[in-house]
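Next, two complexes with chain A in common: one pairs it with chain B, the other with chain C.
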Partner chain A sequence: MDGEIGNGVMKTASNGVNEYENRRLTDDEFDRYSRQMIVPGMGKEAQLRLINSRVLIIGAGGLGCPAAQYVAASGVGTLGIVDGDVVEMSNLHRQVGHATSRIGMKKVDSLITHLKDLNPLPTYTPHPFHISSQNAADIISKYDLVMDCTDNAATRYLISDICVLLQKPLVSAASVQKSGQLIVLNCPPAQQGLIDKPYPPCYRCCFRKPPPPSAMVTCGEAGIMGTVVGMMGVAQAGEAIKILASNLHKPSTSTNPSAPPSENLCQPHLLLYTYDLASGIGPYTFRAAKMGGRKKNCFACGENSPSTLTLEGIKGGNPNYEQFCGLNAASTTLLPKEERITASAYHQAKVKGELPEHILIDTREKEHFSFGSIEGAVNLPFTTLLTKAFKIKRAGQEEGKAEDILPPQAKEVSEDAPILFVCRRGLDSQEAVEKFKELGLDKGGKRKIMDIMGGMKAWKDEVDPDFQFI
Partner chain B sequence: MSSSTPKPPPGHFNILYFASASSYTLKNVESLPAPLPLGKLFGVLEERYKGIRENVLESSLVTLNLTYVDVDEGGEGEGTVIQEGDEVAVIPPVSSG
Partner chain C sequence: MGSSEPTSCETIPITVEFSGGLEMLFSNKAKHAVAVPSIDPVTNSPFNIGHLIRHLVDNLITDDRTDLFVLDDHLRPGILVLINDADWELEGEEEYEIQSGDAILFVSTLHGG
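Right, the complex of A and B next:
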């Protein structure tokens, strides 16, 4: 392929990918891309490949903004963006492709506004809705490479499955709190079900099943450092540009023997970024772990996958991604009614002076607690509570031991004073009640242990609209 | 392997915890006694951190000296033994973005 470039017209690849003429760059293009084109390994040829490629970015958030900025600036020909959300104030510390003046606007429109100003040459295609089992194949089929910048496990499995079936390379990044991950999957793409030689893995080959819903955290709940997700988005753009400029995105087939060597993508590296607020750059900041190739028993791309995963099946709701990720199963009520009190009932009883002497424990993390709580609450973060409860249980619940879990303030009230829990949204507080009862702290019913329904969210909604809830 | 990683004490291997594995154990790294058959790793961790198997390990990928190992029963990693001085990493998927 490389040798043909200089002869004038590039041949059409058998799969129709990257069909283009070797032409003179326009003055605009020449000027705009000059600094990247002179980097060793780039040149005119690589730039023309970028100009003739179509990239789909799914998610216009913390990953999608920086990813889109660098992909657009590098000069890809077509950039599609999928997102159904609108810009909110709380997005802007990390979603730097949006703007304060565009709060309330559809994210795809806001980001494209920014990108057009940065580089007017590419064609920008907005897809202003969420990706779903119904629309995913139709959208993805129009592009050469997919970037997963989404925020949930169910969508990640869906995108990976469609990319396997349509033979599209997938650059996947993810980030939450202080961690980031990046991996190139399904590149160069190979036909589903082939296992006669090493082929690249899909998302399922690496992560066979999702974490339980209780262990899944979102940026909204766990928080996210802007630079962490930004770094991952930029690195993701770098991988996409590399793949397109080097022609690695073409399906590897016997009819495409001249595809460049890409053995190292059959066992790609997973880049891990760990950001520690309390220390400098250390040995664990960046790690790269070598992954396996396509798994023989993979549900999506392995030996028998053509019988388990099809485009028609996905459109018809099989597999059910939300069920696979346990999104419908989670029960939010663990405790009987008599062990719960609403935020407003607690407040009214307190105002009327009807509330008996009690301990109120707020189980949110200390960063959340630092913005305030209900008056008189003491902080015992849920993770600390679980660790302490586990240690006590292992020690065998000797006399007095279980009381060690109580905050020091417990000594200031009578020993049968009720214990109340409040958390962020009302799930951890119920589990905390159960843990305390397991430890025998309810003294066979003599001491009441309850939770405030709906957590501090309910407190804000029902009692104190000024409360600063995150 | 990176030379800047603290070496585990004699008779031990290092285990690195990423993302939710780190929040569950409240550690980034610790040393555990070696040798240890790979198939017993999850059991050892469950003993130390109750609930970690269901909440973290079963959805995580595991690397040995920064290379993916298949910890599934009947997987390619069966029969692998973690040796003194090795580095194991528990890497849960991150979904957000």
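Right, the complex of A and C next:
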């Protein structure tokens, strides 16, 4: 055991950064962290840095749960968690810090319950609401390092901007379906606007513009493998622990160039993880891509950024993150009323026997379709439909070619029988109608092509409450 | 692939990869061996990433939703390009002249969690 003694009194160093005196670890701490402290590069000093640091995890979901578990277990002194949601059954295959017995509980409370049992030593602070332009700076200012475990682009830009302004390092990860990404940003933090030498990038330096809303995919739509998002959350915790243990979370200002940023932090690597369910031999791929440093023209951290981005501005709604990410523009109605039928109207007509002979095409992916559909529906996944439509168009619309896109069951009905589309929530089905009309399959109006409004979600809500909707 | 028009110039072999969901637009395949002309036939200048993007839309894409890959003749926002595992901004972006054996990765940035 180390023979030094101290009482852990905090003193303020001349540079205004709080430093802790070297102290003896308590017996509990010594015992609990012993296996970690003897790892080369750790030791007592690194452990004390962890104990004296404050970490904020934003999002208590698939990334936040594993991230919080490992950060808490490693012995950080204070762990704050932000999330406004409650635990749902469909979270539990990946959000392993919650529990079946805690469904319906606020996620922050559920996760903290788990963490306290895992490690009672840290101080846990719940923030049981979503992060917003109004509250972000107040919350983030109380911590030394931020972990972005959120699930949408608008929040990611907000968090990064606040981290630039408050000079906090940001460990950012994201994951959808079978892919994950991870990057350390703004570390060590440098004052906004400095460009006299290489400085680390912010989120905007690396990802200047968000994708259009039509290209944004959520875990709710595309699905997510628990192990994939879990791997990213654990890796995120690893980066946070490394930064805190190495004291890289302290701002290096021009008056205090104590921590000259090393090259690999000024040009951080973006970790890309891909997992392939279909591949037997290559189960996964990791790759690391070298990113650029702070950009001179960055809106948030570049040369003129102090005039474009301020804390007061953000609180007052400038920039408008929702608008930046195009969230207000999305339209969900493409077709005129005459080309649409509600789920309940379809059902009633069918029950009364008033429905003419028709073909019903379900455009959800085959994994969704495997849980059932409307009776008589045939499956033509949207991506397959688009690929086929594209091939036909490229080959030139010769007579008969367009018919190739129809499922084989179409031959069992008369050739002018109406075609109906249904999808998950009612957008793809409308696009499918438009696509079929583009291919001339409506025969100039002779053949009706329509969609069921609101998709299988509406079918469950209006017709069949027992339907297993994903 | 190598389905570009025959020109007097030779072709160079490269690898093009798609990740983060973009592979969906390219026959659901992550990795493609592609042969591109060393000189762009339209502009008569060395074949660069900008030319490659157009080439992929003309020859390799298998999905109608080209707007998920290009918008207004440029790569759509939210796609990172990695040239031999480095951000293309370090290499000159669209101007980077393609070399034999280059590995070009297009990654859609993710936001879920």
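The criterion applied here is as follows: the second predicted complex is superposed on the first by the 441 of 470 C-alpha atoms of A that agree within 3 Å, B and C clash if a C-alpha of one lies under 4 Å from a C-alpha of the other, contacts with A are read in each partner's own complex, and residues count from 1 in each chain.
The rule is simple: a residue touches a chain if its C-beta (ideal position, glycine included) is under 8 Å from a C-beta of that chain, and two chains touch if they have at least 3 such contacts.
Keep in mind that this is a model prediction, so the values were computed, not measured.
Enquirer: After the chain A overlay, clash or fit between chain B and chain C?
Expert: Superposition check on chain A flags a clash between chain B and chain C.
Enquirer: Quick one: is A:97 in contact with chain B, with chain C, with both, or with neither? Answer first, second, both or neither.
Expert: Neither partner.
Enquirer: Would you check which partner chain A:62 touches, where first means chain B only, second means chain C only, and both and neither mean what they say?
Expert: both
Enquirer: Check whether A:212 is in contact with chain B, with chain C, with both or with neither, and answer first, second, both or neither.
Expert: Once the two structures are laid over each other on A, A:212 reaches both partners.
Enquirer: Going by the contact rule set out at the top, does A:435 touch chain B (first), chain C (second), both, or neither?
Expert: Second partner only.
Enquirer: Once the two structures are superposed, pull the chain A residues common to the chain B and chain C interfaces.
Expert: 59, 61-64, 149-153, 156, 173-177, 179-181, 206-212, 214-219, 222, 224, 229, 232, 270, 272, 274, 276, 287-292, 383, 386-387, 390
Enquirer: Taking the touch rule as given, give the residues of chain C at its contact with chain A in the complex, in rising order.
Expert: Checking each residue of chain C against chain A gives 19-21, 24, 27-28, 30, 61-65, 67-68, 71, 76-80, 82, 85-87, 89-90, 105, 107-113.
Enquirer: In their complex, what parts of chain A are in touch with chain C?
Expert: 59, 61-64, 149-153, 156, 173-177, 179-181, 206-212, 214-219, 222, 224, 229, 232, 270, 272, 274, 276, 287-292, 383, 386-387, 389-391, 393, 435
Enquirer: Going by the contact rule set out above, which residues of chain B touch chain A in the complex?
Expert: Listed in rising order, the residues are 2, 4-6, 16, 18-20, 22-24, 26, 28-29, 49-51, 54-56, 58-59, 61, 63, 66-68, 70, 72, 76, 89, 91-97.
Enquirer: Within their complex, state which residues of chain A touch chain B.
Expert: Within the complex, chain A touches chain B at residues 59, 61-64, 148-153, 156, 173-177, 179-181, 206-212, 214-219, 222, 224, 229, 232-233, 267, 270, 272, 274, 276, 282-284, 287-292, 295, 383, 386-387, 390.
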